[in-house]
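One chain, chain A, links the two complexes that follow: it is found with chain B in the first and with chain C in the second.
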Partner chain A sequence: MSAVSVTKKEPRNFNRAAFFQRYGVGLALILLIIFNLIFTPNFATAQTLAVNLTQVCTIVIVGVGMTLVIATGGIDLSVGSLMAIAGAFSPMFFTGQLIPVDNLYFGIALGIAFPVLIAGMFGLFNGWLVTKFSIQPIIATLVLFIAGRGIAQVSTNGDLQVFKVPEFQAIAIGRVLGVPFQVWIMLAIVIVAAFILHRTVFGRQVLAVGGNEAAARLSGIPVSRVKFLVYFISGLCSGVAGLIVIAMNSAADANLIGLGMELDAIAAVVVGGTLLSGGRATIIGTLLGALVIQLVRYTLLANGVPDPAALVVKAGLIVLAVWLQRQEQA
Partner chain B sequence: MQKISKSFGGVPALIEASLEVMPAEIMALVGQNGAGKSTMIKILNGAYVRDEGSISFNGTPWTAASPQQAQRAGISTIFQEINLIGYRSVAENIFLGREPKRGFGLLDWAKMNAESAALLKRFDVKVDVREPLERFSTAIQQMVAIARAVSFDARLVIMDEPTSSLDEAEVAVLLRTIRQLKAEGVAVIFVSHKLDELYEVCDRVTIMRDGRTVQVSAMKDISKLHLVAAMLGRDLAEVKKRGATAFEESSGANIGGELLQARNIAVGHRVHDASLDIRKGEIVGLAGLLGSGRTETARAIFAADAKTSGDITFNGQPAAFKGPADAIKAGMGYCSEDRKAQGIVPGMSVAENLTLALMPALTRSGMLDEAKQREVVDRFIKEIGIKCAGPDQKIRELSGGNQQKVLLARWLCMNPKLLILDEPTRGIDVGAKAEIQMLIRRLASNGLGVLMISSELEEIVEGADRVFVLREGKTVAEFDHQNMTESKVMHAMAHGHDT
Partner chain C sequence: MMKGFRISPSMAVVAVLIILTLLGAWRYDGFLGTYNVQTVLRYNSMFALVALGMCFVIMTGGIDLSVGSVAAFSSVVAAHLSGYGLFPGLIGGLAAGLFAGTLNALIITRLKIAPFIATLATMLAASGTALLLANNQSVSVSYDTYFTNLGQGDLLSFMRPEWVDAEDAGFFAGVIGFILSFPTPAFIALAAYIAGAIVINHTAFGRHVLAVGGGTEASRLMGLPVDRTIFLVYVISGGMAGMAGVILASQFGAGQPIEGVGWELFAIASVVVGGTLLTGGNGSIGGTLAGALLLGIIFTILNFENGMGWISLSAYWQSVVRGVFLFVVVVLQAKLANPAKAAA
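What follows is the complex of A and B.
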């Protein structure tokens, strides 16, 4: 312990790593947009914007829940499988397979509310494993990562459920002010979550649990409840994302919905600047992170680089983000 | 080991310390936290490199490059936490890294198991050596560690607090093993805070304090009281004048009715029968050697750990707290001894750290009342003199003393009835220390009950209105302010009974 009682001065010299850590994602996004405006034909069109935004919608929505989970020092691998569960159950409601419903809109309401809640319940199961048995989150959520997709496949007999219900599909492809409805959903979730994280007691508790769990517990913070809630929220977000996927495809394939989503979401969170060890998180960062990853891929594709090569670049971005995090901690 | 010096980042941990052990001798090594025992051991076994000094082993100069090399050369160390592999069998653990082979890289299991069993039999340990190690008690695991050490033909075995997690019967087995080692001509360095054990088994004792070797004596020539006095750096003849701390003399006039009563608290292996009571406006000291169960008792009162048995009454009500949240609601606060691991949330600001426990009161329909938070934080930064660039500065950038003030403020803003302070001034510079001590006294005179754990005797004797002394998990003495002297407290820490 230092024997000096004055407070340490903020480092005067420009801390490059800290700067990139904080503003790097936003900066990268701006640079990418400028680059594309100059080099990519037809970039500044509503069409391009819509394509790119719909590509990231589900990643961002799942990423929001993931950000909260990671903020407590946890991780949620089950998100993709929970998407599949929500996506597989939903058509059963609005096509009247499960319970015959006369009113179409009532059926759609059920087909939205129930699957999202079911996904949330599975999220609670994750929280239960993590808190009650102190299982490491990566293992606890691995359970549903594996079993969740199985549940979705069994409940649909592994069949593709094709439907044509434009009223339901509006949640993904309907447009308000020329912007796809799913983008509005994404923005709403991002804004609400950012508000929760930075302005509410719950948000503060999430960061305290991730920052120092022992201290949080000794300060009377209900650590278990906080963890339960973040996994619940992550489940709900996955449910919403699952519905958007089937609405876009007008079909539910339990084998494919949300496949690999956990990794895309974690990548967005990390590139966005949230600390993987917990205690510091940014929802807006996750949004920007997802956008950067998407835009890098789009830029490469639009300029004739094949997709497999784009994957390598995406991996490079993640390495860069992690490296920046380590720089700041050191 | 002669004139060993070692510094970490300019801070000396050892200053010309020395240690000498004869063959077949059991040497006790004692000292307070930070006295340099561990550093000494780690230099001997090659985990650290000494800055200065010389070591000879078996008559030849000795330098170990690593604990592994030391082990092969005949110096084995057995740490508090057993560093063996729980899932592998007893025999595998004993032969880990030098398994007998049969050619083609195959293990000679028969030989390994037979030799292991024979080895353990020397210590009267009869277990199935093919069973995984984790199936056995901590004591047996320790025996296995010792057997492993001996199987390297160790000439010197270092044991760093081997008995801290053992029960009485297990300790007896371990001490028998140590005597067996001695009988075979092996020297032992035995680090422990349990004086009875030291007197039972050791031949001589080396006492360390502040990085120096302050006394070496035959065990039978030194009384427990002298030993404790040497550890704490107290001269028995001359009890220091008052004034070493910033605690003002308490008039006792503000002390009110009973606030907390804890009866016959037991927690795991560490606390067996701790009892204490605290009145309103009173500073109660909790004294005891390292490992006497002070922190464990405090954590049990705060419900941070579950107690095995015992009754607690708080504010006239039986306290059946399920966790810290309940204790806080009832009006308790607890500053842990490990500021970094259990106190601060390093990535959060001063303001966020300060209001961590207060949050429920700052909530307006789930939202944080930022204005009110600001008001509370500003008031406490001013009131207790927290030196920081502002409420939004990260707490990890503050000095230890200022971090501690923030943690005190975390509880004070809750307006608690009882504050438990575990080593409130550890690792804090002199100036901040005095400020904190004055603050504690001021709070008590306003009616706050304080339970203060401290390893610094003068802090207890000068600061506390009453003191309870713990020894090996039992309350052994209670002194009120008139009867409290350093020598009496020390005597109780060493011997137990309060005369």
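What follows is the complex of A and C.
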């Protein structure tokens, strides 16, 4: 009898863990929403939805890039600094400070395209350090974590750049179908990235590199190019997030844009169920992870718990999420 | 024999530090003056302490992201207790740091969670607790007790003989006076570094630390107390962060719940610049001290250089220069490190 129960028990145990692994975040999100619908006044309003979504927008956008980097077994600490670089350079373009541009829309186009590309270039620099010199990602990206914000501060002299360009700010606060435009940007990036990760050759290569780099190399996957690309993408995502931040604030402050973003993004990725050691990743999970973290914070705040206590809860949440991952692996 | 000889990275960083110091002394008035030396040492000894704890952790192949907010947390605790005297403040702050370190150690060794994530969580928790304890504002320390001496005082100033300050005092007297003017935090950091170097080089625990970093599985198979070693390094790191927090509160007259942002990465940079590989298994305590001082002195040199009037660089350049320094060091390390390791 015992033999039978053992053989039966093992797969079921595994399945339960796998189930939580796969749907745990979504489940947590649904439970949180139900809890709030019952206990939090004014929860089911468009206002609440908009507030919570705009809070997670930049985290999710950066988190998408971070998910891809982590999927290869890397990490990107420089995202916050790259946001600051993109955010600091952008106003110089659309206010005509750097190059005088007659056409406002052309200036805005430059102010969006160039800073994002610059951030992408710095991402390539990270990739270069990681692939060419085999420097551990955490150290390689630490270089730009330190220097990147400095570059942004030096180029603006640390000053606040205030601007009033509603046409540019539309990328964050303009509304389409009643939803802030930045949420659409976030959704578009999430969908494209999820498609790339799960449906393209490149996506498979990303996971293969993270799963077993040596094996990936032996099976002919261009490991270096894959790594280069994920850091590039992470840079681009950071650039977009930096622009959204300044558009929301209608000011660019190189000292503050994206400060601490690397940790928020990593937390979202981890809670979302992506393995930190690489090889398994989920973009949708990152979106849900960011939403869960935000909703927990919102729930606590709305029910009178002070913000610092919410930080402690967030810490517990991260440990719990990773511990559940461990249970499945064990 | 010649083939085996290699300039170790930590020797190189000590050399660079000495060269920069000499350059500064030659180029700028007052660079080695009492005031400047005191300021640099007083401020950077906090970072040096945090970097020392980080060095232990990194030598086991781990990482501790929580040090900055743990320092902030313990500065708040120390400030609250400073009214009861120097020792309650000191011990309270230290205990707060040790507590946070123990929490890290428990999460890592018992729940088997990766150090990066475990300490990230503790970072958030410590930061939240600090804000709660401080009620979201800085907590003034008591000036009725000797608590502020810890950060603001000069430990040996009471035994400073008059003759070292005489007009015609010789070089020797100058050196004595120079050393006697060191601030208290510098002596605390120095004592910690000497103790750290002895522990790593001359105790069984020190050898275990390096062995675990060199290969966790191999150490386990050899019967070394792997978990206990890992446990202890995080407690040490927490303790160092706690001590830094006590000095922070004492030096600035307030417990600062939002201070410490980015300290962890600064500490990691110091350790790496000091020649310790992030892969674990080797490391240099002295190199870490040199690394921390090197990163600290860059800011001073920038200030003095601005004072010369040739160039005018804002304080923001210091992050750029630090980043470039880190870049050069890691690239050199990668090139010097044996290829087998680089490929792994």
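By definition in this document, the second predicted complex is superposed on the first by the 316 of 330 C-alpha atoms of A that agree within 3 Å, B and C clash if a C-alpha of one lies under 4 Å from a C-alpha of the other, contacts with A are read in each partner's own complex, and residues count from 1 in each chain.
We take it that a residue touches a chain if its C-beta (ideal position, glycine included) is under 8 Å from a C-beta of that chain, and two chains touch if they have at least 3 such contacts.
It should be emphasised that the depicted structure is a prediction, and the values quoted were computed from it without experimental measurement.
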{"item": "Chain B versus chain C as contact partner of A:G279, first or second or both or neither", "value": "first"}
{"item": "Superposed model, chain A: greater residue contact from chain B or chain C", "value": "C"}
{"item": "A:F106 touches, of chain B and chain C: first, second, both or neither?", "value": "neither"}
{"item": "Which superposed partner A:G158 touches (first chain B, second chain C, both, neither)", "value": "second"}
{"item": "Touched partner set for A:V201, first chain B, second chain C, both or neither", "value": "first"}
{"item": "Partner chain(s) touched by A:F39 [first = chain B, second = chain C, both, neither]", "value": "neither"}
{"item": "Residues of chain C that touch chain A when the two form their complex", "value": "63, 65, 107, 111-114, 116-118, 120-125, 127-132, 136, 261, 265-266, 268-269, 272, 278-279, 314-324, 326-327, 330-331, 334-335, 342-343"}
{"item": "Residues of chain B touching chain A in the complex", "value": "302, 304, 323-325, 327-329, 334, 336, 341-348, 352, 356-357, 359-360, 362-363, 366-368, 387-389, 393, 397-402, 410, 427-429, 431-432"}
{"item": "Chain C-facing residues of chain A, complex", "value": "75, 77, 129, 133-136, 138-140, 142-151, 153-154, 157-158, 259-260, 263, 266-267, 270, 276-277, 306-312, 314-316, 318-319, 322-323, 326"}
{"item": "Parts of chain A lying in touch with chain B, wherever the complex brings them together", "value": "1-10, 199-202, 204-205, 207-208, 211-212, 214-222, 275, 279-280"}
